[in-house]
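Same chain, two partners: chain A is paired with chain B first, then with chain C.
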Partner chain A sequence: MKLFKNKTFLLFLPAGAFLIIPFYGFLYAVIQSLGGEGFTHYHEILNSERFLSSVWFSIRTAGIATILSIILGLGFTKWFYPLLTHTSHRVMVWIPMLFPHFVWGYMIILLLSETGWMAQAFTAAGWLEDRSNFPVWTRDPQGIGIIITYVWKEVPLVILLLFPVYASIRPEYYALVDSLGGNAWHRFTTVDLPNLLPVLVESFLIIFSFTLAAYEVPALIGTTFPEMISVLGYEWFYGSSWDDRPLAFAAMVLTSLFLLILTLVGYFILSRPRWRAMRGNRP
Partner chain B sequence: MTQKKLEMKNITKTFHQDKILSELTFHLEKGEIMSIVGPSGSGKTTLLRILAGLEKPSDGKIIMNGKDITKQKANRRSISLVFQQPLLFPHMTVKENIVYGAKVSKKYKEEKVDSLLEAIGMVRFQNHYPSEISGGQQQRVALARAMATEPEVILFDEPFSSLDPSLRQDLRYWVRDFLSSRETTAVFVTHDMEEAMIMGDQIAVFEDGNFQQIGTAETLHKSPANLRVASFLGGHLILNDHEFAPLHDVQVGTKKTVEDGVNFQATVEHITYQHGRPIAHLYVIDLKKKVSLPFDGTFPSREVQVTIPTDSIRTFSGETL
Partner chain C sequence: MIRKKAWFLILTLLLFVIPLTALLLQSLSAPWRFHTGQGLDWGWQGYAILFENPQLWEATFISIGIGFAVLFMNVTIGLFTGKALVSYAYRGKAWLEALLLSPILIPSLAIAMGLHLFMIRIGLADTIWGVMLIHLVPTVPYSIKIFHNSYQQMGKAMMEQPHILGAGFWTQVFTVELPLLRPAIRSLTFLTIVISLSQYALTAIIGGGRVLTLPLVFFPFLDNANTSIMAAFSIWFALIPLSMYIIIEVLMMFLPYSRLPWRNHR
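Coming up: the complex of A and B.
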């Protein structure tokens, strides 16, 4: 085989060796989820209203948080990227990335809960009659607290990912669109978006995968129903009944497969001739 | 009477107290092609960008078809710019790039795109991406894209400078014919005098933020306005701030060849070949100037005499236009 002849495979060895661990975990989870009973557990969770509403809640919450993060990060980078060339400004923007998600979630509770600083400040200022009038933004059924925490945490990540791309776009392209008769919208769709697309797709996959399956923030700031898939999985795994453990594995296997399919779709979009040509490759 | 298509009146551009353009005035008639030639960094690109509306002048007016367009934005002007690099959109095919120009300027007609593809000889490559075609082909597509907007004036900013010499030569004639056949008014910026002569009906020598002279290639050569024009053209031996001699009247030999003439000592620095003839590169010691001129025969020594007949010595015309 050519791959083995030119020793390229040696370069894959470290990554391959590292991936053995999660692959083993995944395989073990699949075996556990089957539990020698075929697809019974999958059948069970796919008919469980608790599971289905958790899936919908998770996809919706993670989807909104991801799309908002990307839109805000993109807007921020677009308008402020000349300022971001200064290290001090970049450090300021990236500070939220230094804190663990759990700490950031706790900060949101301190800030936005009904007894939080903002409720107290509004009451003290006389804008609210009573602190209980403050809207429920943490441990709420809409997942607002979760979304705010993630957006606040992930916008700097989006900026970090997009900034080098913006810095590499040749300004002559904007002048070209202008001289052809185009406006700001044309500049964005013809120059910015095609350059950013690969990073936008990658950012979406990274942030969506993380926010969909991460445990700490929804556990801290979410409600008991509907709950994020990770919280449900945790409850099934560590719950009082051992019978629920295979359900936790089945839920996580399905989540992994869903993310895998999503990644493959992203990969195929970026492999289309048009986007290969964008990277300067011959399609 | 010919119609004035584009006029620049007293255009000045200062940048951090540096005067890049100084009260520039010129006009173009419909269908006329003007070459602006000058050394790198002389502000030629700034001049084009101001015409295109990509930069604002500090002072002065731009008038098109009798209407003041100085304050009009780039996307509202019927002026297209072909850049130094083709700047094709890499994710669009050849045809899509041309269609884009037409659609963005709201002048899309399928027949027009097809005829442009035909004119640039790219019908066969219309579905290729820019990364799949050569530099010369890319520059032709860029021109077609600019033409697809149906501009009244088209500007070229050294569009061939990134191409190899043989391709550059072919493309010069091709673009010249393309513009002439469509009676397109054009401004062509270059730092290459030969290119300026091929492309333009008129040549404007631009240096130090101003036009040193505007005229046909013949006028510039026969009566250069000043020392700057003459030294940029390279076809004259400049004797002092006021006088010059055309190189074809300069005689080189081992001794003084004309009785009634001026004589200078020179050394042969190098010999190269151009258009099949040997070219001697001389250093005229008395004038402290380098000069290159064709010669026949050989030199017995490095030390030579440069002789200029008195009646060949001329004075700079001083006339800019």
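Coming up: the complex of A and C.
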């Protein structure tokens, strides 16, 4: 079987060649963030009020958006997965996936801004005296617009990822829990959760790292202060002075390291023997 | 069950179908002013003004070109790697999968900024080729996952049989695997094109503003276009993946063992 082994190795070549792009890029970002001056740039941004408030704002906003998306997506899939077997139903749920994130963000502005459709409709219906009384949900300092855009856009993705798992759970397991006297909570924790956990952790990591570091939506629907880390990094990168460039690299490298540590923790949790045992003999 | 279905329909209509319909209606009428008691004022102005912009057509063709190239490379890399992952059964496979997923976990902004100088040095900055390469970063990990799952569902026996019957590597790919991978290619088409159309920052950094794709036209448009035009532009963004999906569907008819609609079949 030595030949087969070699062939398998050849099959990995395109992926290996592809991985050079992100890893080389990341390595270069690290090198440029150091800039031959050691950790001075890291020291500088870690003492910068603007950077620290941006980090807090990013983690808070991305965290809320991710957790909400996962909870809502999980609830939706758990409740409706028998209905989702119809293609037409799935197509309706996946409408937001047809649009880029920033286009959906623009739709949120159309819908929820102070001059938007909702404000107009409520004023016309007499529920609001004036459109300016409509709450500020877009370009707001709380990041509400960003959160709404991401949740609306990511819930279909969570459904897409969780649906195959729910479809593959054998109903006999629920019957087993019932016959042993378990309730709905037991059904969820002993049957659903062990099957779902790998996908849930992976979805969390994918969505969190995307919402934390994507530029387009916060640039469109966020404010200038506080700003997401990606907007700050982009500004430093293209800013008026070249001196800020190493700061952009340092900020993005720190974000990457944070996400890599989070990923390691996620995989560590998943490989704990208790969860593997509960998933049964599935690889 | 009927109540559940009613809830499902109410939720999906409210959250997904009605926003899309509203966007469609807005693109076909003058900007809405409901608070003044006005109704809808129908017209094609939104699309007419949008299509008058010569940048829009240039950007559309460039975006589609990049989309097809990125899709082709995704299918190639995804197919080989998915196949390799199912043939590979050793320890450390979970870590290998994590490694292959990592490009979407590292912020793509960091990668693009890091590659910028390198791209200038090898002459790929400000070119369509550089943009295609950088668009692989947020798409390929998904392709690998999708193809890996499909190959797993296909099962090992399906891959061993053609081997036993003496088919070469490429014969096996074209006559057995690709026809069975059709659903995977469909989802990949949507995913890749939409992700590629979503990249403003990556395209702006690597393309240097010279490679004009649709997001690079959309963002400056926001400041000086009315809602009808912007709604039409938003719909335009959804029409591109849809039309490319149709093209891919037609191309897939030429795969072996496809049911051709103009042939009789039982």
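Assume the second predicted complex is superposed on the first by the 265 of 283 C-alpha atoms of A that agree within 3 Å, B and C clash if a C-alpha of one lies under 4 Å from a C-alpha of the other, contacts with A are read in each partner's own complex, and residues count from 1 in each chain.
Keep in mind that, in the parts below, contacts are C-beta pairs under 8 Å (C-beta built on N, C-alpha and C of every residue); 3 or more make two chains touch, one makes a residue touch a chain.
Every value quoted in this text rests on a predicted model; they were computed, and no experiment measured them.
Look at chain A after the overlay: chain B and chain C fit there side by side. Within the superposed three-chain model, A:53 lies out of touch with both chain B and chain C [touch as defined at top]. Shared-chain residue A:93: touches chain C; no touch with chain B. Look at A:213: by the touch rule set out above, it reaches chain C but stays clear of chain B.
The three-chain arrangement built by superposing both structures on chain A places chain B and chain C 90° apart around the Cα centre of chain A, to the nearest 10. Counting the residues of chain A that each partner touches, chain B and chain C differ, and the larger count belongs to C. When the two structures are aligned on the shared chain, A:142 is found in touch with neither chain B nor chain C. In the superposed model, A:102 lies in contact with chain C only, and not with chain B.
Fitting both structures onto chain A leaves chain B and chain C with a minimum C-alpha separation of 16 Å. On chain B, the positions that touch chain A within their shared complex are 49, 52-54, 73-76, 79-81, 83, 85, 87, 89-92, 100-101, 104-106, 129-132, 145-146, 149. Only residues 170, 172-173, 175-183, 186, 190-191, 194, 273-275, 277-278, 280-283 of chain A touch chain B when the two sit together in their complex.
Per the touch definition, chain A reaches chain C in the complex via residues 4, 7-8, 11-15, 18-19, 21-22, 24-30, 32, 76, 79-80, 83, 89, 92-93, 95-103, 106-107, 110-111, 117, 119-121, 123-124, 131, 152, 156, 164, 202, 205-206, 209-210, 212-216, 219-220, 230, 233-234, 237, 248-249, 252-253, 255-256, 259-260, 263, 267, 270-271. The part of chain C that touches chain A in the complex is made up of residues 4-5, 7-8, 11-13, 15-17, 19-20, 22-23, 26, 32-35, 37, 76-77, 80-81, 83-84, 87-88, 94-95, 98-115, 117-118, 133-134, 136-137, 140, 144, 149, 169, 190, 194, 197-201, 205, 215, 218-219, 222, 227, 230-231, 234, 237-238, 241-242.
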